[in-house]
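Chain nomenclature is as follows: A, B, C and D, assigned in order of appearance, with residue numbering initiated at 1 for each chain independently.
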Amino acid sequence: MRVLGQIATLVRKDLLLEWRGRTRGLSVVLFGIVTLLLFSFAVGPDSAALRAGAAGFLVLALLLSSTLALSEGFRLEHENHALEGLLLAPVEPMALYYGKALSNTLFLILLAPILTPVAVILYAVDAGPATLVQVIGLWALAAAGLSAPGTLFAAMTSRLRSQDVLLPLLLFPLVVPVLLGSVKAIALVLGGDPMGQLSSWTVLLGAFDVIYWTLSGVLFTHVVEEGV
Amino acid sequence: MSERRRRLVITLVAVLVSGGVLAYLALGGIGENLVYYWSPSELNASGDQAIGASIRLGGLVEPGSIEREPDGLTLRFAVTDGEESVRVAAKTVPPAMFREGIGVVVEGTMRSDGWFETRRLMVKHDNEYAAPGKDEDLDIKELMKSMQFDESAT
Amino acid sequence: MKRLRWDAIIGLVGLLMLLVGSYIGLFAAPPERHMGEVQRLMYVHVPTAWISMLVLTAAFGFAIASMWTGRPKWDAVMTGATETGVVLGALLTVQGMIWAKPTWGVWWDWDVRLTTTLIMVLFFTGVLVLRSYVAEPERRATWSAVAVIVGYVDVPLVYFCVRWFRSLHQVQSSPETVASTMITPLRINAFAMLFLAIWFVARRSRLELARLRRESVALPPRRAPRGTAVPEAPQEG
Amino acid sequence: MNEMAMPEGVIGGGWTYVIAGYAITAIVLAAYAWILRRRLRRTENAEDER
């Protein structure tokens, strides 16, 4: 399909730009690591409490990094008037949205192999390779759930004076179900799952992924009509 | 006009998908497993795995099980779901509505000696509001319904 | 004085009904057999809950209408409904905490009902903040409508979560579970709150329309300038 | 025998909570009505002056 081809092209373009401007990506990674470090200061040298909170800290680091990545992504588009160009070109607005949301998701997923081991070391979690793979899978679901409404709101707020305030203000309450689902699921993976709830939390997380990915795509077309 | 119709179809599909997923969350039964509190049966079934973890236990205060320790600080009672019960040691002042047969949610840990230790005791009121003087019937089945345990049974 | 507008009449009726309903609830209705006097909070808490969700549902409808037609009228009504929903939602949260302390024994607990309600209030507050930052009227209308539609996903969750999940909050009451003497004040206050909410929405929409008129020349003025009645204002070009 | 009285399952008194709840409701509704009135006045006056 034409739209799928456009999405693929846009994702390739975004990832290429991300690769060329590595320092930007690197700063988000560093930001994530610093966030993880800060949480361990907040709890203090209590290894049991750190272990108990590890899943929450990890997901919060993802959330905070995601707002940084989202606003950076659109700032770049505005600097060179690239978005106007894309809108003038025969690109479907939906392809534009899904391309952007997908490349945001992929970028956030790429953070996982770096941040997860850091969290495992900092918070003294016992985790083998199989556990890590599971955590990264859940991280991917969480990243998708954050990116879908995140891209929509970042597109709306990217031109505003106070994007740094507005984006979290709109995004954080909306993604609470995603955060809750991923924190619980990751905590169950890291700390054992006595009651067999892991699948239910994962389904909840996936369900909100589907809701946000479908709804935001449709609404984005209306957003860009007004010019981004 | 066809452009408009195409967008209408896309919007409709998106709304249907979102609504369908919400309906699945509601009716698919995953809610039973994303529990805010465990029933005594579920807690007992998990055995040793539950020991030490921070857990919420919910159920009815078993009639005749309330005891107060002589030190006046610890309250002991059993929480039941009609089938099994868990003994609870609460180091807290209970809310005024605390009584036999009322729903409670306690937050704490299961100890290896079989007592559930808690410092946070919450009373769960059902959705019945009656004037005083109405006969008190300790019908466990009815009370269980108010605790939503009957759903997990079916 | 100006003649009474329809919304003023509804507001007055609502206020009167709220006074009557609260009087019955506070002094005529019996105390609950276990909750005692504290149960009287139901007569304000439950209507606030119903109407806040109802008003936000209306906002969702107005958002769709605003996006569909592009008319400023719908945008203004949507703003009115959203703001009223936020005010009532915030009030609902505080009332709930006041009721929770004596009955449950805690001020707050992270149960589904309470969490989803808090999300609802915070998100729609965010929508209002978003509006205040966007200068162009068309863009503001579309963007806030989009935000309202996305955020509305949470509102059915608030209502149904107590049935779907086990929670600390009890499930909805029905006429069968509430003593008949308690239903009368509850119903009166529910309609009172509905009328007050309609009044709030109407007033706030009027305000928003006036603001929109100030922003753009495209909209016709509310009424012709009153010439003599207005205190001398310097006439500028 | 007991230091603390055992709760009897009924909330005694509790009027403080009721008064607080109704007062908050009244204050919030009245405050919002008043704020709306003031904002509306200002905007419409400004409009008339134009």
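FYI, a residue touches a chain if its C-beta (ideal position, glycine included) is under 8 Å from a C-beta of that chain, and two chains touch if they have at least 3 such contacts.
Note that the coordinates shown come from a computational prediction; the quantities given were computed from them, not determined experimentally.
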| item | value |
| --- | --- |
| Chain whose averaged C-alpha position falls nearest the assembly-wide average | C |
| Comparison of C-D and A-B by number of C-beta pairs in contact, larger one | C-D |
| Geometric centre distance via CA averages, chain D-chain C, whole Å | 14 |
| Separation of mean Cα positions, chain D and chain B [Å, integer] | 31 |
| Chain D residues counted as touching two or more neighbouring chains | 9-12 |
| For chain A, residues contacting two or more additional chains | 211, 215 |
| Per-residue multi-chain contacts in chain B, two or more chains | 18, 22, 25, 34-35, 94-99, 102 |
| Touching pairs - complete list by chain label | A-B, A-C, B-C, B-D, C-D |
| Chain B residues touching chain D - in the complex, by the definition given at the top | 66, 68, 70-72, 93-100, 102 |
| Complex contact set, residues of chain C against chain D | 11, 18, 22, 26, 33-38, 40-41, 44-45, 48, 87, 90-91, 94-95, 98-99, 101-103, 196, 200, 203-204, 206-207, 210-211, 213-214, 221-222, 225-226, 230, 233 |
| List of chain A residues in touch with chain C within their complex | 149, 152-153, 156-157, 160-162, 165-166, 169-170, 172-174, 176-177, 180, 211-212, 215-216, 219, 222-223, 225-227 |
| Residues of chain B that touch chain A when the two form their complex | 7, 10-11, 13-15, 17-18, 21-22, 24-25, 28, 30, 33-35, 38, 42, 46, 49-50, 53-54 |
| Chain D residues touching chain C - in the complex, by the definition given at the top | 9-15, 17-18, 20-22, 24-25, 28-29, 32-33, 36-37, 39-40, 43-44, 46-50 |
